[in-house]
């Protein structure tokens, strides 16, 4: 408290309600992510600890290097790069080889962030740039899922985790067979639904005891953590709200067309990375539009694209691509929804 | 969806195998004319327009050359027809719609050496599309080109204010954005399959 | 683009030849001919073939245009250049089909797309139409080799990382996990961006070094492009 | 371009006659060069194409040493003399004694990224497939492209059942792709884990083509056996 008082300064009007500084917001985001990380560790064991540690450390190191080379003051204390690291880990499969995760972290920070001029200018969500890179580079490793709650998860790594750099991941069929317990198969709920027509019940999905990325499985926990941020006004609640709403409605339309082939709207909301993406990644302030109408269009578009890619595309999951595409068109949305300045002619008339 | 249905041909050229981001056609204007939204959208319009004409002409030329058994003249015919078409379009627009000419006039001559146009004609021949399919393909390619160009322009306008590192300024940054867009467009793979 | 050297000497033979490889490299410095640069560099073999094909078209069309430069009226020169270029491209197209069908299928329509490669029309307009046959051939050869080298730079990196082999031969052994991304379209964009970054960083470093050494260095003009 | 306009304004502009001569001359030179190149390379190009087709056909029809090409026209087959025909084709493979070893069938269909074109062999004697090769595909490197590279996947097509039902109009059992390591029937294709879409696409392509072409082939088997 005293630190805050010391930092107080006198300003001339207008006196707007004070907005929290970047560091405070980012620190709270990290706080909100901690329960999700802990749940991931509880589900998948020590491999997730190693994964989160690897991505976070690599991201911080990369940021340090960038600041060194550019002769800038260190931007590590603003926590944004830590968030990038944690988010990247949460979107990766639990047994993802650590060296690949390290490559993804470097890409996220160098390509996704530093090239655009660092925090405040990253037009794409850096963690998702890293993940999209990994998805294209190592398509097989990033779609190898491991069952949750395996018996020896706290005593042994998932075998693929410790793969040596630049070498192929050894087949894990044997390990998978011994590790899976009744009801916990290695495939994600989305893949089961899409390729085998097996539905997972909503309660299980909401709680998150399913296979999937390290931190995407528990919809309820993510909602609670996101709710905390929204409540403290550290996140624009309209982005996740519009994205989830659009996903729900699009999915409902498909479900009404053919209820045997397409999943229920509730399944769409709870399964896969939609919740994590909507709450923690789509809401990235830099990459979102600024106008209120724009924010709704932006969220709606991402929700719609997610469902379209999931149901009509080749991949079972489309949240990552939907958010990147949303990021890409957000300047255009901004441009189209810009309110007319009072007294000015419409933009088209001005040469 | 069947792979030769019109809707699929359109989707394929526009999103799944986007002309710019996945077939690398029309990279030069994509990097060069994508600084501003206004110019980018006009360029997109002009290219789509010329693509439609080229596609129709290419179908006709191909049929004629196949009839005469002179396929070896195909490339020369295509390029000459494209050059003429561009010139013709320019003149027609100038005559009948000065407003439209002002909007896209200066971009028209540039289109002759835009490889997306010749690429469209060649790809359409290789895929053995008929006239109607060719038109759908041209519309898709034009829409895909415009989409990529407009997205790029939007991002670059926003980045004008950004504190981009000196080494990355210019083409390198544009290429990186293109790479990320290309990654994002990979999400459309398998769409409608 | 100012091609004249700062001192008022006429460019030497070596200058004409070498400028395309380094100082005015069509890909890394002038950023021309991006379509083939990105599209066919998913393997070193493809990149090399494309480079050679382009060099042939460059040399052929430059020679012919330079020979005929006195007879071609200004008004129709672009049209004649395009026809000449298209002729040589058609020839190359058939030559590659005759040499290896596999190679031809791998390069696809991009061989025919050499027609609209701005490097070729650019050299015809900027150099061959104004200089002697010998000079034009030298210039075209230099540019062609510069283009080939640039394509090889990209192709090597993409093939090495993307498949773990070089020119079809395995380099990294069987346990290597290939980075599929590198042979996909995004890989092309990223690797080219990487090379451009490297070039601009190197150029910057040498400029600052020269500046600190007190030597007035002429800026090469690449920053404006 | 602007230079052209400037020059046009100058008094010393070329006459129409001069321009026509220049354009005509260039066209003449071009024509000669192109025809020259075309004529010299044509034999080799045809030979290369021939060899590529033969290689693929012999790969999917082991044991065959010569081939004949047939066009499928409606419900009939016609022996082709040259390879320039563009419609649907099948290739019959024969061994040294001239006995029919099998028929290679070209098929195409939508894959994950773009159209996949394949060639598969069909042995009429055993009503099984004898081999499979991918002619053209843009599937994901390292994942979907395994349909043409993975020996375990290719082994599926050694003895894949392509039996027609009693009516001789469609397959008795449709070809389907199943999960990796869960093949239990001779008409199932053991898929590639992680590349579900590509595996299923191959199964669909082969199935669609077999349903359509095999009844026609069975009808004209005598004709193909005797190379007519």
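Per-chain residue numbering starts at 1, and chain names A, B, C and D are given in the order in which the chains are listed.
Basically, contacts are C-beta pairs under 8 Å (C-beta built on N, C-alpha and C of every residue); 3 or more make two chains touch, one makes a residue touch a chain.
Only a predicted model underlies this, so the values are computations on that prediction, with no experimental measurement involved.
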Identity of the most central chain, Cα criterion: B
A-B or B-D - the one linked by more C-beta pairs in contact: A-B
Gap in Å, rounded to a whole number, between the CA centres of chain D and chain B: 29
Centre-of-Cα separation between chain B and chain A, whole angstrom: 33
Whole-Å gap between the CA centroids of chain B and chain C: 23
Interchain centroid distance [CA atoms averaged], chain A/chain C, Å: 41
Multi-partner residues of chain A (at least 2 other chains): 111, 133, 136, 138-139, 314
Junction residues of chain B - those touching two or more other chains: 72, 76, 168, 173, 176, 179-180, 183, 186, 189-190, 193
Two or more partner chains touched - positions in chain D: 1, 30, 34, 38, 112, 140, 142-143, 197
Chain B-facing residues of chain D, complex: 1, 30, 34-35, 38, 86, 108-115, 138, 140, 197, 201
Contacting residues of chain A [partner chain C, same complex]: 111, 133, 136-139, 141, 163, 166-169
Residue ranges of chain D touching chain A (in the complex, touch as defined): 112, 140, 142-143, 179, 181, 194, 196-197
Parts of chain A lying in touch with chain B, wherever the complex brings them together: 70, 111-112, 114-118, 120-121, 123-124, 129, 132-133, 135-136, 305, 308-309, 312-315, 318, 320-322, 324-325, 328-332, 334-335
Residue numbers on chain B that touch chain C, as the complex places them: 21-28, 31, 72, 75-76, 79-80, 83, 112-115, 117-119, 122-123, 126, 166-168, 170-173, 175-176, 178-180, 182-183, 186
